[in-house]
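The following pair of complexes shares a single chain, chain A, combined with chain B in the former and chain C in the latter.
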Partner chain A sequence: MHIAEGYLPPEQAAAWFVVSAPFVVHGSRALVRQVRADPESKLLLGAAGAFTFALSALKIPSVTGSSSHPTGTGLGAVLFRPPVMSVLGGIVLLFQALLLAHGGLSTLGANVFSMAIVGPWVAFGSYTMVRRAGGGMDPAVFAAAALGSLATYGVTVAQLALAFPDPTAGIVGALAKFGGIFAVTQIPLAISEGLLTVLVVRLLSRTSGDELRRLGLLRPAAEVRA
Partner chain B sequence: MRRFSWVNLLLLLAVLLLAVAPLAFGLGSGEEPFSGADALAEQAIVDDHPDYQPWFSPIYEPPSAELESAFFALQAALGAGLLGYYFGVARTRQRQRDAAGRQRG
Partner chain C sequence: MLPGPGSGSATLLAGSAASVFALDIAAHTGPWRGRHPAEKALLALGLLVCAVALPTWPGALLSGGAAAVLLAVARVPLVVVLRAARVPLLFVVTSTIPLLASMPAPLRLAIDPAGLPVAAQTAGRSVAALTCLLLFTATTPLSEVLPRLHRLGIPPAVTEVAALTYRMLFLLVESVRAVRQAQAARLGFRTWRSAYRSLAGQAGAVFVRALHRARRLEEGLAVRGYTGSLAVQVGAHRVSVPFVAATTALLGVIVMVSTGWVSPW
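After this line comes the complex of A and B, so read on.
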């Protein structure tokens, strides 16, 4: 989902910065509030950041014969809500742009929008919907991580299609082309990401029940619905 | 082994299987099998829009593929290390809480 450095026309790159900036500003405030209100959650916050840091470094082979990487933003979105992830995800993308030449500074706004904003919001929405529908913690977390990951790549496809319409088939053709590169590749990865996130949340519920309860998780499904 | 551990083990196995199966079945295609989707997208842009000039280039680029993979490994190691540290701390705290509870209880 990393759009390479310089691979968005300047006006579009700038536009994505304008779109993403308010989310990141709001997210930084939410992050500061979270740490002030509950200093003990700092370590768990670090763990959520570490999860997306580690997962987004892992390129995993997929059924399409290419490889891609998970995003790892679903965990933090479920634990700490999406605004916080706009900052943590942004830090990961900045690290990769500066040291790995992966993604880029000019495309940071666009990449933050897909991985650190839309992904976490879709994850949080999916989690909430499954819980309200009476689903348990594990299915809800799986849906959050997997759908958040797919949404991130869907946004990248749309961003690239807008910037580089197909010479003959236009934006629709470009959607199909970039979709072909990213979407099917990402399906098994999204499943893996969902399973890994479920694993981490299961371990958290064993070791950090108090923290999770303070964050409003671990309530029985019936209570969430009420 | 209790059910909790069994489920966790199965989750890990499923992830491994999903990653290994494409390799095992030799699904790799193209000149460089299992190249990154990001790079493929970049290539598609270059192919269809030969006149597009990237207007900004990375400030720093790892000088070789080896060093690039070293940075990726560093990123994964830092993330996994911190996550492992968290679980170590959380588990110890949990045990101390349990022990304190038993003494009182």
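After this line comes the complex of A and C, so read on.
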């Protein structure tokens, strides 16, 4: 769920840039270090960014007969790790703004915070917790994708509520209003994205096991626990 | 009974890669293609800043209006603009509805007449800013912006990863479309179960293709003596002084009128 161009008041839009900046700078430094140590990894990172963008071209059918696209943050965070996703997610959000007019430049800071920072960290945290608790790959991947998507939705609703508090019930009332109106599409979408990501990882485990092992995804649960 | 996913197959087939990237295609084929990206950034992003930062009435109205006129001057097809604006406008409409209601008691909503000016101001600012963004995206090819981003202090490694992403995403989105079309022809979206299996197949195909593409690029660059630098040739454009002067004058007028320094009446 991208906040559209110009929707946030200017002070709030600027504040979200400030909040997102440390994460993106940290991710950029990690990326620069990685590229310096292994120049070829630049190509893999470019492919990872393009893959994340292409995921948004998938159309998940919804119960209303229309379709929506996955955020891809869960799968991206599990495959490429959250610090890298903060930069790749930022690049993808910039491309979505400049190529598709989804999101925007003034709201890029807010969208990066929800979709490239909080979403991937929640997804990666959920995946790691389920694996450490002895859960299998399927529940871990489902938790990562569904909770990552829900976290993105929750942060976006919070950003809108902070920008437009309810005149009588304040921020809590605004959270209920914005949360309620977007829950209709975002909660089913999060569940759909969880199910779809499980199917994708199952398929990739069969067809691209070597690549997933190289990315550190395919490991026995015992090793994750250690 | 809920509509099956197969009912949306027409929509699934409709989006070709060309329509996905219609704004970039318009930028590559439009009459402003030869203009320096900095000129267009000054104009469109200057208007965008005016739309967002100045008082909405008349700041957003003037900036958005100027951007709309300039879209016509730059001969951007109206259908491209309207198609691109659909999704963001849907967001604007949906998220403006809660501004028209207040919550006097828990779980109780009431129409709030005082919310109308806030809703109109927010929606007006957003539509104006969106028009300015479309002016930039529909006239400035991204391939000309990316190699210049390092001048803004962005590390070259990040801009090169962005450039590689840009070069690969056309292929990958086209792959998604081709796989989707093949799956639809084989009734791959007939039931919910088959639709999800088909979608997983699309994502899997894209992942494999992305990694193969990266590996082939790596091999191709290695035999050409790749040292870690991906220099690309950027088209040489001269900055037009009259264009910059006219842009500065336009932005100046909008700022002065919006802040009340000069009255239009």
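Basically, the second predicted complex is superposed on the first by the 186 of 226 C-alpha atoms of A that agree within 3 Å, B and C clash if a C-alpha of one lies under 4 Å from a C-alpha of the other, contacts with A are read in each partner's own complex, and residues count from 1 in each chain.
Operating definition for what follows: a contact is a pair of C-beta atoms (placed from the backbone, for glycine too) under 8 Å apart; a residue touches a chain by one contact, two chains touch by 3 or more.
These numbers come from a predicted model, not from an experiment.
When the two structures are aligned on the shared chain, A:31 is found in touch with chain C, with no touch to chain B.
When the two complexes are overlaid on their common chain A, residue A:199 makes contact with chain B and with chain C alike.
Looking at the shared chain after the overlay, A:140 reaches neither chain B nor chain C.
Looking at the shared chain after the overlay, A:188 reaches chain B, while chain C stays out of its contact range. Contacts of A:108 after superposition on the shared chain: neither chain B nor chain C is touched.
Of the two partner chains placed by superposition, chain B and chain C are both touched by A:208.
Of the two partner chains placed around the shared chain by superposition, chain C is the only one that A:91 touches, whereas chain B remains out of contact. In the overlay built on the shared chain, the residue A:10 is in contact with chain B and with chain C. Shared contact residues of chain A with chain B and chain C: 1-7, 10, 43-44, 46-47, 49-51, 53-55, 57-61, 63-67, 95, 97-102, 104-106, 160, 164, 166-167, 177-178, 181-182, 195-196, 199-200, 202-204, 207-208, 211.
Residues 1-7, 9-10, 43-44, 46-47, 49-68, 95-102, 104-106, 156, 160, 164, 166-167, 177-178, 181-182, 185-186, 188-189, 191-192, 195-196, 198-200, 202-204, 206-208, 211 of chain A touch chain B in their complex.
Looking at the complex, you find that chain C touches chain A at residues 2-3, 5, 7-8, 11-12, 15, 20-21, 23-24, 45, 48, 51-53, 60, 84-85, 87-89, 91-92, 94-95, 97-99, 101-104, 106, 109, 112, 114-115, 118, 122, 125-130, 132-134, 136-137, 142, 145, 154-155, 157-158, 160-169, 171-173, 175-177, 180, 189, 192, 195-197, 199-204, 206-208, 210-211, 213-215, 217-218, 221-222, 226-228, 230.
Here chain B touches chain A in the complex through residues 4, 7-8, 11-12, 14-15, 18-19, 21-23, 27-30, 33-38, 40-42, 44-45, 48-49, 52, 54-62, 68, 71-73, 75-76, 78-83, 86-87, 89-91, 93-94, going by the rule given at the top. Contacts from chain A toward chain C in the complex involve residues 1-7, 10, 13, 28, 31-32, 35-36, 39-40, 42-51, 53-55, 57-61, 63-67, 75, 87-88, 91-92, 94-95, 97-106, 160, 164, 166-169, 173-174, 176-178, 181-182, 195-196, 199-200, 202-204, 207-208, 211.
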